[in-house]
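Chain naming follows the written order as A, B, C and D, and within any one chain the residues start at number 1.
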Amino acid sequence: MRKLEKLQNDSKAKTDEKVLLEVKNLKKYFPIKAGVFKRTVGWVKAVDDVSFFIRKGETLGLVGESGCGKTTTGRTILRLIEPTAGSVHYNGEDLLAMSKRKMNKYRTKLQMIFQDPYGSLDPRMRVKDIIAEGLKAAHIGNRKERYEMVKEYMEKVGLSPLYVNRFPHEFSGGQRQRIGIARALIMNPELIVCDEAVSALDVSIQAQILNLLDDLQKEFNLTYLFIAHDLNVVKHISDRIVVMYLGKIVEIASKHELFNNPLHPYTKALLSANPIPDPTIERKDRIILQGDVPSPANPPKGCRFHPRCWLAKPVCSEEEPPLVEVRPDHYVACHFWEEMEKQN
Amino acid sequence: MEGFVKVLKKLMRNPTSIAGLLLVLLFVAIAILAPVLAKPPYPDTPYQMPQNGWSSVPQPPSHEDIFGTTEGQYDIYYGIIWGTRTAFKLGIFVIGLALIIGLFVGTISAYFGGWVDEVLMRVTDIFLAFPFLVGVIVIVTMLGPGLNHVMWALVIFYWMGYARLIRGSVLEVKENDYVMAGRALGTPGARIITRHILPNSIYPILIQVSMDMATIPLTAAALSFLGLGAPVGYADWGQLVSFSRNWIISSSGGNPFAYWYTITYPSLAIILYAMGWNLLGDSLRDILDPRMLI
Amino acid sequence: MVKDVLLQVKNLHTVFHTEDGTVEAIGGVDFEVRQGETLGIVGESGCGKSVTSLSIMRLLPKGIGEVPQGEVIYKGKNLLKLSEREMRKIRGKEIAMIFQEPMTALNPVYTVGEQLAEMVELHLGMSKKEAYDYAIKMFEKVGIPMPEKRIYEYPHELSGGLRQRAMIAMMMSCNPNLLIADEPTTALDVTIQAQVLDLMRELLKEYNSSLIMITHDLGVIAEMADRVAVMYAGRIVEYADVVPLFKKPSHPYTVGLMRSIPRPDVEVDRLDSIKGVVPDLFHMPKGCRFSNRCPYAIDKCFEEEPPLVEVEPGHYTRCWRYQEMEELSKHWESGEEVGKTSK
Amino acid sequence: MISFIIRRLLLLPVTLLGLTFLIFFFTSFLSPYQLLSAYVQDPRQLQGANVEKLIEKYGLKKNFMVKYGNWLEKIVRGNFGWSLSLNEPVIKVIGQRFPATLELTIYAIVPVIWIGIWLGVVAAVHHNGVIDQILRVVALLGYSIPAFVLGLLILFIFYGVLGWLPPGRLDQWAQMIVYSKNFHQYTGMITIDALLNGNIPVFLDALKHLIAPILTLSYLSWAGLLRITRSSMLEALGQDYIRTARAKGLSERVVVNKHARRNALIPATTVAGMMFIGMLGGVIITETIFNYPGIGSFSAQAAEQFDYSGVLGVAVIYGLVTIIGNLIVDITYALIDPRVRLG
């Protein structure tokens, strides 16, 4: 129990830290082309008016099910996909308004770790070239210096520097993910976007990587945006959690607040659907949602969750609930969050 | 490099691929050693087949002409040896140029997409609208026959296959996360193409090149056979076969096998040469299954 | 009340003939499935859990996978000794199977209704018309909305959740005694997973069928299984009823597995991880297959492979030090390979 | 789907225009005198003082676009110029010879589709077995023997040695009948016309003359189709849905012939269509060897004799047939693949 208190104190301390990255009204619409002339007949609103911020040194978890726009959000922030609208302020400067040239300078500060440990490493490049790719692009150091740095950072992520000349296929999934981490870390970044960084790994390896990310955060004072679909992993690593549904943010809160007092019905359903590895716990209160997630090309009017929501009232199908701060640092987008609180 | 060693090792396991490799190496050796194997009587014009007399009737193999002679007394052995060089010359020139054009068009089309892709692919479609041989015939007719014209004509109507192949494989490679990772690290577009995309699309091209090393000389030979390719007397397999045409169907009712050597030797050379490359390409296709490469 | 044993697997071995030589994918697997019960098989990728199920169904890739030894006793018959024709009568009708990826497991060029109908035509001798009517009924049963329309759709027109429902409808259509589900919810989102697991539980109860649930997810195992077999590198390392397994795991691998997953109900500062990686099939350790990753390994572990012994009634484990495990498991040295964490 | 077809149809004129432009572009190497025969259909106009006037009229000394425009206008009206090699209007030559070529290619492609696909399925089912290896070598041989060598060998054996299969399209006596007034030419394809006229001997004679060219023309194609079918069949057989089909208890015959073949046929159909189009080009060699009076032997002859108008005309016809053929292939593909059809 003492441990728990300590943790809560930790996250409190972090609330005083300054905001490192602020995302405002971010939108990314993908056109749907059809017809004889391939004209745009509609839009897939993958990310639809999303706003949140990340404090320096914290880990912000971003959860949601497939197609909710969490990966697109991560990629848009780094301008790997050009956004439709919105702004991303990093240390006060809008990344989305920058010229590509200037953005490339900022890229060293903002790095990314990818999901697929097989697809994200070029199979025809040696480990040393993979890890040094960013240094080379940013014209940091000469060949010899870069080589030394690569070896140093391989050691930092728990890989033997003897492997510098190997190819990715000679490594296991966990080791490949370490290569991906070294590639990001060597740029000396402030913020790392971890896009499903452990979901492709076996559970025993997943723990190794999560611990490594944790250690590196402490050592280098890193800030993480941790995107994942696995609630348990997100809960373990994050300080605060953002929940997305169908391109929208439905709730933001610190992890304890979110797990103990979810104020959005979707969050609650998500938590209750999450299987607990303990056969003695009977889940009598399990909420099983009806139906599928609607298509982001044609989202429901009003609150996007209303067709599957057990609390839905007529107003939900007409009016879109705004994301409001209902408690300090707890944001929710639901008309009936008070009712939810009573249920909890 | 290590990848190539692995491919080579796998090639050595299968008897058919060993056969292919050996055949190709045999022809490479013949091409290189041509001046030794068949010493040209006039060193300035080695591709001109020497004529031993002027009789129109082919002569059977003898001590002097070990494969016999064609009509007009061209030495078949000499023609086959130097014809190997012709075949390689054609293959390397045509495939090399077609590949360069194809790489250029295919990569640009796939990498930039949008209207660039649309326009380039429509142009490709137009070139593809000709059966290959017809396109070549049009050009050869307009420019006049000759090996050089044939080569250019082949290039003009051969690059589209490569362009489409490369476009397809670049599109596939482009989807990989390592390309996105390269962009996240700030790697410039040109370097992403040369470092990430092209090296990873190389294997399907390799297979195609191997197959085409068989196809191109065969097509050129076909044109020679039609009288549209190499000039009379030029060492070329297709021409040797066409010389036999009037002698294997004995109109005079004589022994149909009398002139067997006129068709047998040149045909064998063509078939074995094509077989070698095809076996090699086919084995490469089996080995280089993209799913097994990662 | 002890229920009848429906399926008994004895000393099952499976080998694969690969380009680089022959390897043993599973060696000496034993377990049993009782009528109406769920057996969970849990393990990481490459542990042989899917190979086990394919071996039971005799669906190993021809010429590559082979079962040189072992018995699969189903209702008194050894399935491995049946002729192909007899085995076909078992597949689908008596023992059905659900796969991980419902998109690729359904044929893209036939409608989902057709794929269900051809099965009941075969096993239940229905006419085409009856089979399609039956397909509508089954679709309704698994909660697919508008079944009379859906049966005429192709797999790619359905969402992931509906595809898996269609798959379940198909595989339950002949009322099988045993269903083998190979990671049936891994490709699905967590809310859809809850729906599908719920559905499976209901159907199993209704049909009194048994289930072999193959998964890597301990949470799913805890929810679904009555009995659990933990597999590691081609061996069953622990085999017990679900509650004792979670409460008193007696194999270091099971202990490590449970400690390395983040849990929603327990808060830890740092996860315990299992050091190293699963050895590949060509380079198995000589003794216990877990010895090179085990924090408690002693000399004997590297020399000799432990047998599967009964620790308590119905609880089996494959470890030399099982008697000390309760004490040992209080301390876990994950000792990650290299790097600063171990400095 | 419909918009896909409309899109392709709208692109058709663009492609056709590009095609004619490309063909005409190559005439830039010709002098106005050489080019003139492509504009006029009457040989008398090509003599004497007329020539300069005509060159002026068609702008043959002016810029490229003027020449091209005038030529295109003639082409659209069906005037393809005067063939110097056959001394007939090009359009008339094509009209006479195109049915002959069509007859040959249709006879060649039909058995190819049956044999090629069947053998491909057989090879895939016996993957790496003896049959597969034999078929592989035979197919490779097909790829390696150029048509002109194979044609000559067939001619040598079946005509030179055995005297069975003569070159040409008909024997002398049959020609007399076919070109007599009593014989009504419905289609220009002699086998069909002979049947329609009830003249069996002529039918048999035409068939006899077709056998050798068919063999030459189709060998390469069925080798190619065999390979495509084999590889797409192998790919289909490796898919998850095949495992599902087996798990349903379906017999191997149904698994192969229903579930795998339907998927494999989608690419095979496209390839078969393209082969048919490719054959129209392949006939150049075959027809020349067997002295078969079709459009292929005409193009070779025209090229050899610098019959510019003839070559231009043939190129336009070939391009037209290819483009329309490709369109049909694409639409067929979209129709048989449900993923495209509904996408």
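Going forward, contacts are C-beta pairs under 8 Å (C-beta built on N, C-alpha and C of every residue); 3 or more make two chains touch, one makes a residue touch a chain.
What you are looking at is a predicted structure, and each value in this text was computed from that prediction instead of being measured.
Note: the chain lying farthest from chain A is D, by mean C-alpha position.
Contact tally for C-D versus A-C: the pair with more C-beta pairs in contact is A-C.
Chain B and chain C have centres, each the mean of its CA atoms, that are 53 Å apart. One inter-chain figure worth recording: chain A and chain D are separated by 57 Å, centre to centre, where each centre is the mean of the chain's CA atoms. Averaged Cα coordinates give chain A a centre that lies 31 Å from the centre of chain C. Contact annotation for chain pairs lists A-B, A-C, A-D, B-D, C-D, with touch applied as defined. Partner chain A is touched in their complex by these residues of chain D: 3, 6-7, 10. Residues 11, 14-15, 18-19, 22-23, 26-27, 29-30, 133, 136-137, 140-141, 143-149, 152-153, 155-156, 159-161, 277-278, 280-282, 284-285, 288, 299-300, 302-304, 306-308, 311-312, 314-315, 318-319, 322-323, 326 of chain D are the ones touching chain B in the complex. The residues of chain C lying in touch with chain A in their complex are 44-45, 145, 159, 161-162, 189-195, 197-198, 216-223, 225, 242-243, 246-247, 256-258, 260-265, 267-275, 277-278, 334, 336-341. Every residue of chain C that touches chain D in the complex is listed here, in rising order: 57, 59, 63, 84, 88-93, 96-97, 99, 101, 104-110, 118-119, 122-123, 154, 156-157, 167, 170-171. Touching chain C in their complex are the following residues of chain D: 128, 239-241, 243-252, 254, 258-259, 262-263, 266, 337-339, 342.
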